[in-house]
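Labels for the chains are A, B, C, D and E, by order of writing; each one numbers its residues from 1.
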């Protein structure tokens, strides 16, 4: 494994070396252009028909030759030798060659370097001839990349710019250069990629904040850690799916309906479950188990009605706009705007309005709040309504951002939501925002430094570290003793 | 400041209808355990009622029961003749009942100003005006208006609690040990202020362990013991009742006072 | 013996920060700031062993904060202090308590879902069963448990909580919690006990009967430091009084002296504390004005302290 | 007695117990979307077997139980207890290698034949004599995938692959093929997989993959593909650069904007898609949109039933002994349906059941020894059509 | 409907190894939460570490006692790493840190970087580590039927495992029973109520919390071993859902009681089995498709769970009086 890995590294470091960068770039551009050209309608089919078709008695040995500029290398002679005898073949107009063989076994493929187009050399001369294993009915490929040799043996061999080679990218299509972020340099980590991922982190973090602010509010006012909050998020996404895809309403309308229904679900939930439990003074840990029960129920209700697959809220592919080095979808920009407005509204509500302050008062001391003339149940119900509505909105936008929603979208996000609100300081709405953005950035950027299948772990390690230095969370406050 | 000189109602006026009446109250926290065992209480308009009694007698429970924070198992509470038994606290606030609890009587994560805003929750328009008046009474609170109540000292909290209740401009005020934790000068001030507020026509029920002070200023006093009224009389009578002194008031204050005459007399 | 210690106080200077012949607690330059405000700024404080010392002062003077600092529940911005000669600055709260200096809290901390008796037992020290390994072998800790229980019952009886001993502490009334808090602190038989407003909310008759208990403790050698706003109590049992204002120690002396100190009377006691408030004359403008002035004096001092802080 | 068993068969009416097949397939949890086609495959097989007269004269019974996913491992444990209490002799399942590992010892320990239609983990090869699988090994598909990419002249390949058995195994094989032929895997190497439990991985993974300038992007995932493709498309990646595998080769006409996948290719084990098989499946469950592992599930039941017929017993050990033989491991006459095969068996012939999935006979590890892999291309309508097929042996 | 079969199945769940494993895990959590008030939402992490510790060292050729020791050591180290920095945090934060730490264990365990040790996402095959345990069995090969219950004697999901598992549960119960009534347990309960008060009484709160965390974690790691002995080590099987179920079991049975976790586990798994099997039996496949029946089963499980807590909030064995004390 390690051996193969280092081999890959060598290849990439080669790509990055200044000597060859321009060449490789040009080659790539041309190659992608070509790809675009060949796969136009009908193109594929045409290419396929020429190829040898394997069946139970035949196998194919095949390959495609491209010049270092990415153009098909036409007329290159190859010799294939093996159990089925020796055969000759030359590459066709698309640079492709293929040979049927009727015996399985090891074949050697030798490329006749003399027949290469002028100025072209093998990138890795040591790999000529190469050996392929063929089994009947199968296809075996042998590639001979052309370009500057990697080894020290032929440093100047056949550098590309000798004038004979066709000008790169004659296909006219700019390839992916302009649209794919990070194409400008040879892969790996670079600033464009960092910027791109940071912008994704910001968007993701903001949407996460939207989804989790309700969690924070509900915890703040009632002390309840709502493990069914993830399902509120899923609900938003699924409702949006229902109204766009099943009912056929435009996205904006169905999004609004989804949020309204999600909010209503919060209201009803509080009226039917949490209000009565509070009245009976059922403890918070017990209520927490009820939320787990509710989460299970809701998850399987979703599965029951909408299946276990991913549900696309809209069918179209998101349109993108370029902001400097960053490529961002219009959808994300709009979502960001909506999320910022919603979060700003909630913050204003909490800090500057009478009812908002009452919300915080209830979270401090419900009995005293009642004694001050605050209708505690009404406030809590309102918090549930707003919290669930925001979660629903978060679900709709998250479903759009992630390109699909599913019965378990919320539950997979739940841990991150909890991490975010804790990081920010439990029960504070701003904290939820700050924590979410930190989490979003960490989650999106961590694959720059650690294996990507461990990136959640990275986010969680950050969480622990932050708490060590600020045990009360980013925006939380220490309590007075005595 | 005006001096209140209107006719003060006294205990001997049963002809008028009580403003607040509790009769035969039975209430408790745990199922099957009654803390109040048939408690009766009458408050006539404009009266200042003092409630004293040993620790755990049920004084706080009585206030909470009146205010709908503990469920009443039997008996009734009426306000101006209307049955308000087990009504929700916020609806009582709406009817002009104010309450200062004994413990946990501030919102710790709210600032002082926000705490007082909660006091005028049902009449937000009056906040600015009331706030000025309160800050006049408790200048410390005005200076510290942005400090979180959770970081206040015990006495400062008590001031906030009292101020919050005064923000409501209630017509009936229930005070649970408003002087606890206050410095002597502030205790005096609290009692005098309570009396003044009372003279403006607000009926007040005050539970106190600072019993002598309480009995000094109140019109009528109740002694509560084991969830029942033990004695009811005017404050003065109770204060000098030897039985009450022995069981509830103690002789410490009197002893100390007679021992040390080295304090300056009242001006 | 108590007479001796009391006699020793006779010769002590009646100025803040005076030196004591046999100080059990000595604190130097203890300061604590909150934002721009100085809550505690004690230059020098000594507590005489075997006496009952009262710490009084207006609300917000910094008494509780000083307790928090001395017992390790809060970290000072500066300062050192020692208890029985051992330096205590930076020592964690539990260790402070184990060294014999036990405190109570002004806002009570009852262990709600434990019975009153369990609360009491928790206060005891030297229970071998509090070690995980030994806990598994009851014969090791049963005898001590019996002693503890007996001691707890005796205290509870004195604090009128005996018939509540099997109730959850969370179901106690406000005053009962105060009592439990104090009784629990006494379970460990501390060398020095620091009581933060122990009698606030306790019925006067009961207070009176508890005072003799506190005196008895003193006579057995326990040092008592308490914060209290009940002047009758302070005058009745304290041997020595220290006065704090705006975080500083402003006066010290025997109760009779301190309580006639005009500064203390003005800023703290007020003129009425022995007056019958039932007299409508106290509602006169004159009295109101005077009261206001007194309160203003207290407030102004606080403000001045705050302003002083902002300047440098 | 191998020879005897063939000749003695007189066709039904013996006193053997009826064959009871249990299914242990994902009906809930994160893999539940794989359940319906698999269950339909099982149900279709049972239906056809019973229409053809059942096994040894008695109708085959089916008991469905939920395997859920590895996150809820206890569900499978309880389901196995339920199945065993109903005396099943064959268990078809599980879909997830993880779940299989959890229940394998219990099922095979009770001498019940376990046949997984979808396990691909190499760790399961030869796990027990009673454990079989009908999913052709990733070795064949991986090589076919690698060669398909190479054939298209793509040399810098990025993998968007989830960190589970299925993804890792397939990726490893394809990667080896590509590298041996001179290509490079520029992204999706070890450590660059993503956690299947997280949805928000797409943005950063796509960015990371594209920053390596691939000329082909292989998506190895299940249903999460619906999240990945739009992200790729909006980053400007044309369909012709994308490659799919059996886990996500599906009809996306309802999911993506027309043209998104045009030119994308994919591999799917099995010979040319058998339209009649799909139609039969749709008769069983008309709601199917995805057919992943339906053929393998169908084959599993048919093979078990044939093994019971051949061994004239419905007990686990008998079925286990005859599984390899009916799959054609010892040669024999080819037959493609249960009815046809039973006729041959009753005539005393040895048979080689031609699996719908085109998997070859079992090898000594009870894995299919060879497979056909179909190559498919997506059109502008985001539906895929057959283009060619390749054969591979292990 | 075949009630006899279903009831046998349900009764079998009452003493299944999984039930024992969950009971043990909940006993560990009871020490954390019920006694000390530590909100440990990472019990599955302890279990997974125990499972890895045991399986990996067995595969490396260690004898069983050493493998168990390694498992215990893993959980002790985990508890220390987790506790040293976090036990000073407020309770809610501890919850999130433990849940995060447990996820880290799982994610690292299933990452391809450690394939050689942990087997990555496919985990470790059961037969690679079960042998040493099964070899200790005095019951021999084959299977035995006791009444309607028939299990293999020693291999995998066996009588032997049931005996050992429930013996361990009994031992843990005795331990908790002893500790609960001891002065040590009293200190823990005090910490649960108010740390500062206990600190003011001279107890080293940090040390007690750490002892509780380690002890509960060790019991959790043993539970992990019992849990994987009838199956395989699967990192994904020991993730958040497992922690949630352990919590559910603890609160269902009653926190801070000796038998609560055991009763909770039995009831939980038996009810789950009952609902699922009855659903499979009674709902004809013409009404609902197979997968919908399973999903509907889960819906009923969720609702039952809610109803159980709503109508018996103190748990099966909990003290109703304790609930009346409003701690918030």
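Keep this in mind: a residue touches a chain if its C-beta (ideal position, glycine included) is under 8 Å from a C-beta of that chain, and two chains touch if they have at least 3 such contacts.
Labels paired with UniProt names: A, E = Branched-chain amino acid ABC transporter permease; B, C = ABC transporter ATP-binding protein.
Predicted, not measured: the structure shown is a model, and the values here were computed from it.
Participant: Any chains in contact with both subunit B and subunit E?
Facilitator: Chains touching both subunit B and subunit E: A, C.
Participant: Quick check: more C-beta contact pairs in A-D or C-E?
Facilitator: The greater number of contacts lies at A-D.
Participant: Compare the CA centroid of subunit C with every other chain's and tell me the farthest one.
Facilitator: D
Participant: Comparing centres built from CA atoms, which chain ends up most distant from subunit B?
Facilitator: D
Participant: Mean of the CA atoms for each chain, then the mean for all of them together: which chain is nearest?
Facilitator: Of the chains present, the most centrally placed is E.
Participant: Counting in whole Å, what is the centre-to-centre distance of subunit C and subunit E, each centre being its mean C-alpha position?
Facilitator: Distance between chain centres, rounded to whole Å: 47 Å.
Participant: Centre to centre, by mean C-alpha position, how many angstrom separate subunit A and subunit B?
Facilitator: 63
Participant: So how far apart, in whole Å, are subunit A and subunit E when each is placed at the average of its C-alpha atoms?
Facilitator: For subunit A versus subunit E, the centre distance works out to 34 Å.
Participant: Taking the mean of the C-alpha atoms as each chain's centre, how many Å separate subunit D from subunit E?
Facilitator: Roughly 34 Å separates the two chain centres.
Participant: Can you list the subunit D residues in contact with two or more other chains?
Facilitator: Residue numbers touching two or more other chains: 28, 32, 35-36, 163, 190-191, 193, 195, 197.
Participant: For subunit A, jot down the residues that touch at least 2 other chains.
Facilitator: Touching at least two other chains: 300, 303, 451, 453-454, 456, 481-482.
Participant: At which residue positions does subunit C touch at least two other chains?
Facilitator: Only 64, 73, 105-107, 171 qualify.
Participant: Which of the residues in subunit A end up touching subunit D in this complex?
Facilitator: 1, 4-5, 7-8, 11-12, 15, 28, 31-32, 35-36, 38-39, 41, 43-44, 48, 51, 53-56, 62-66, 95-96, 98, 124, 127, 130, 132, 135-145, 176, 179-183, 186-190, 192-193, 196-197, 200-201, 204, 300, 303, 307-310, 312, 315-320, 327, 329, 402-404, 406, 408-409, 412-413, 416, 443-445, 447-448, 451-456
Participant: Can you list the residues on subunit E that touch subunit D in the complex?
Facilitator: 5, 8-9, 12-13, 16, 18, 107, 110-113, 119-123, 125-127, 130, 152, 155-157, 230-232, 234, 236-237, 239-241, 245, 269, 272-273, 276-277, 280, 285, 289-291, 293-295, 297-298
Participant: Spell out the residues on subunit A that touch subunit E in their complex, using ranges where they run on.
Facilitator: 223, 225, 227, 273, 277, 280-290, 292-301, 303-304, 415, 418-419, 422, 426, 451, 453-454, 456-457, 460-461, 463-464, 467-468, 471-473, 481-482
Participant: How about subunit D: which of its residues touch subunit E in the complex?
Facilitator: So the residues of subunit D touching subunit E come out as 23, 27-28, 32, 35-36, 39, 63-66, 69-74, 77-79, 81-82, 85-86, 97-98, 101-106, 109-110, 121, 123, 127, 163-165, 168, 190-191, 193, 195, 197, 285.
Participant: Within the complex, which stretch of subunit C touches subunit E?
Facilitator: 71, 73, 92-95, 97-98, 102-105, 109-114, 118-119, 121-123, 125, 127-132, 135-136, 138, 141, 145, 168, 170-171, 184-185, 187-188
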